[in-house]
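First subunit A sits with subunit B, and in the next complex the same chain sits with subunit C.
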Partner chain A sequence: MSFEWPWQYNFPPFFTLQPNADTRQKQLEAWCSLALSYCRHHKLYTLDVMEAQESPMFNNKKIERKLSMEAIQIVFEELRKKGNLEWLDKNKLRCLVMWRRPEEWGKLIYQWVSKNGMVNSVFTLYELSNGDDTQGEEFHGLEEWMLLRSLQALQTDGRAEIISMDDGKGVKFF
Partner chain B sequence: MGNLFGKKKQSRVTEQDKAILQLKQQRDKLRQYQKKIRLHLDRERRLAKTLLQDGKKEKALLLLKKKRYQDQLLEKTENQISNLERMVQDLEFAQIEKKVLEGLKVGNECLKKMHEVMSIEEVERIMDETQDAVEYQRQIDEMLAGALTQEDEDAVLAELEAITQSGSVRGRRRSQRCWPCRSAADLLLCSAGDPHRSSWVSSDDPREVKGSPHSNVHSFL
Partner chain C sequence: YKERGTVLAEDQIVQMSKQLETFKSNLEEFASKHKQEIRKNSQFRVQFQEMCATIGVDPLASGKGFWSEMLGVGDFYYELGVQIIEVCLALKHRNGGLITLDELHQRVLKGRGKYAQDVSQDDLVRAIKKLKAMGSGFGMIPVGGSYLVQSVPAELNMDHTVVLQLAEDHLLKEGLAWLDSQAAGEPQYWLPALFSELSSRDVTPEEANQMTP
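== the complex of A and B ==
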């Protein structure tokens, strides 16, 4: 299934920051949703701003337009305000994208666990994100930081407890 | 509990959980190792193929020997993984068994306590008391239903007789009129059925009211 671009993607002015405040707000909204759905479709969890600029997400080769670095930073800042993005470094070059909030991931994982009657069992993080049993689940291939956050969300709900051991972490569901 | 923040609950992770986690981590490592070997094997097979095509049979043979060794490694790790998994399952099952045992223990204790409350003597006493109560209730029922025993009836008739013997002539005549009433209850019916009579008796001779059979029956009932 290929990614479905919004109509704006083929609209050249979309790639230029609009001076009018209202129009710019709408433009930013559209970019935010585009970035999130792009990451969701390609299961991207960490983004490098430089790479992102060259990727199809911000670079439409067909109409030969790409979003400027400045505009990308603005879009990302907007996403950060919404809570979908977190910077990994001070220079704002790399970031974490959360197109699904940790609580939602936690819910998905917990659903899978209870559906399979594995409540009260212990899991390694590797097992959850890369194990054979989770093959085909949405959270398969989830990056460890994201997995950890969703488990932490479950932990605050009292439905899981993260176990830290010398080499690696595990989790027990309740 | 009792930690600085007072917020965190007591950990629900047991030592067994940690042991299971350790085993599983070990298994994960083996799995990753397997992945690595598999990739290696694939690459070497392709390499061997190209070597053969290039006519370097010796090298290809060497490579295949290496590959064979890694195949064996793969098999070994597979065995180790299944060992680990069996261990994990055994541990998990032992935990379940422990819980079952705990459940049985609690049930047993509860049953014991209940039995302590219900001692045999107590049950006997209660059953006796119940029997007595039933008997008592039966007597009440009998009384309320107004069923008199033969003895009672005899007593009533005897009393009536005694009264009529000692009563005046008029009183006797009146009592004779009532004579066909067979039981005390019938007597009551007679007097209730004729309201004038009782008023007549009292107005006729006030002295007689006390001793009249009718008033006597009333007071009896």
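== the complex of A and C ==
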């Protein structure tokens, strides 16, 4: 299924950072929403800022408009404040995009575990994200760093424990 | 010589007055005969209005009085005015109080239903002028051959030939316009109210709230 762009994406001024404070607020909210939806649709978990500027997400070739680097940084800062983005480097060139927060992933994973009567079993991280059993689940294909944070969230909740195994990490669910 | 000149002038004035009186009473007779026509036929209304204008008569001048009673013309425009207000209020959250005359026309017609009287854009313009005169915050901005109807009293101070290009301080400040700095040449200003994709689609209230303050 192809990505459905919101109508703002074809509105040329949407790609210019608005001078009016109220208008800019609405604009940034719409951009945050667009960025998260796009990443979610394409299952993108990390973004390279330079690449992002040229990607269709911020660059609409059809109407010849794109977000400036300054505007992209402002959108990313908004996402960071909302807890949907984390910088990987000091220079702010690469970031993690959490279109679903760790707590939300944790809940999905736990639901699957309990639905299949597998509470008290132990899984390797690989089994969870790439195993045959989880094919078709939304968390299938989840990148390890995100999976780990999600399990950490469950651990904080007392519903899982992350354990070290011979060749990596695993998790036990309660 | 001077006296003769005055006498002649007086004569002429008396003549003219008589002619005007005759004309006026013919008009009244015409109007009463064609009352039905006036209510039903928008084309007829335009011509009637133009006729009245040439002799300096405003059929809408008063809610009571000859024109309104004889013809019900006033009622027609006052009712229309109310309809216009309703449409504008209903859409304000979407377009910030600015709507094209075309869209207003479509929606008024839709609201009146199949069997109601025909309403033309000329009718709308007159009704809006009435509303404006009553101080209800309505205005019309000429744009490319038609009009933008403004139902929110924001300060729009502009030369009517450059609406879409410039009025930046006011329009931007009011949040009615968006700046596009990537247009070829000079920066341009866009009004979400005129963006056809926005007005032709059915935008949900949540989506609409995202665009207008």
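FYI, the second predicted complex is superposed on the first by the 172 of 174 C-alpha atoms of A that agree within 3 Å, B and C clash if a C-alpha of one lies under 4 Å from a C-alpha of the other, contacts with A are read in each partner's own complex, and residues count from 1 in each chain.
Note that in this section a contact is a pair of C-beta atoms (placed from the backbone, for glycine too) under 8 Å apart; a residue touches a chain by one contact, two chains touch by 3 or more.
Predicted model, so just to flag it, every value in this text is computed and none were measured.
By the touch criterion defined above, A:8 reaches subunit C but does not reach subunit B. Once chain A of one complex is fitted onto chain A of the other, the partner contacts of A:103 are absent, as it touches neither subunit B nor subunit C.
In the superposition on chain A, A:78 contacts neither subunit B nor subunit C. Using the contact criterion defined above for the overlaid structures, shared-chain residue A:18 touches subunit C, although it does not reach subunit B. Once the two complexes are laid over each other on the shared chain, residue contacts for A:86 go to neither subunit B nor subunit C. When both complexes are overlaid on chain A, the residue A:143 reaches neither subunit B nor subunit C.
Once the two structures are overlaid, the count of subunit A residues touched is higher for C than for its counterpart among subunit B and subunit C. In the superposition on chain A, A:127 makes contact with subunit B only, not with subunit C. Of the two partner chains placed around the shared chain by superposition, subunit C is the only one that A:29 touches, whereas subunit B remains out of contact. The contact surfaces that subunit B and subunit C form on subunit A in the two complexes do not overlap at any residue. By the touch criterion stated above, subunit B contacts subunit A in their complex at residues 9, 11-13, 17-18, 20-22, 24-25, 28, 31-32, 92. By the touch criterion stated above, subunit A contacts subunit B in their complex at residues 121-124, 126-127, 158, 161, 163, 165, 167-168, 170, 172, 174.
By the touch criterion stated above, subunit C contacts subunit A in their complex at residues 172-173, 175, 178-183, 188-190, 192, 195, 197-198, 201, 203, 207, 210-213. Contact residues on subunit A toward subunit C in their complex (touch as defined above): 6-8, 10-16, 18-20, 22-23, 26, 29-30, 64-66.
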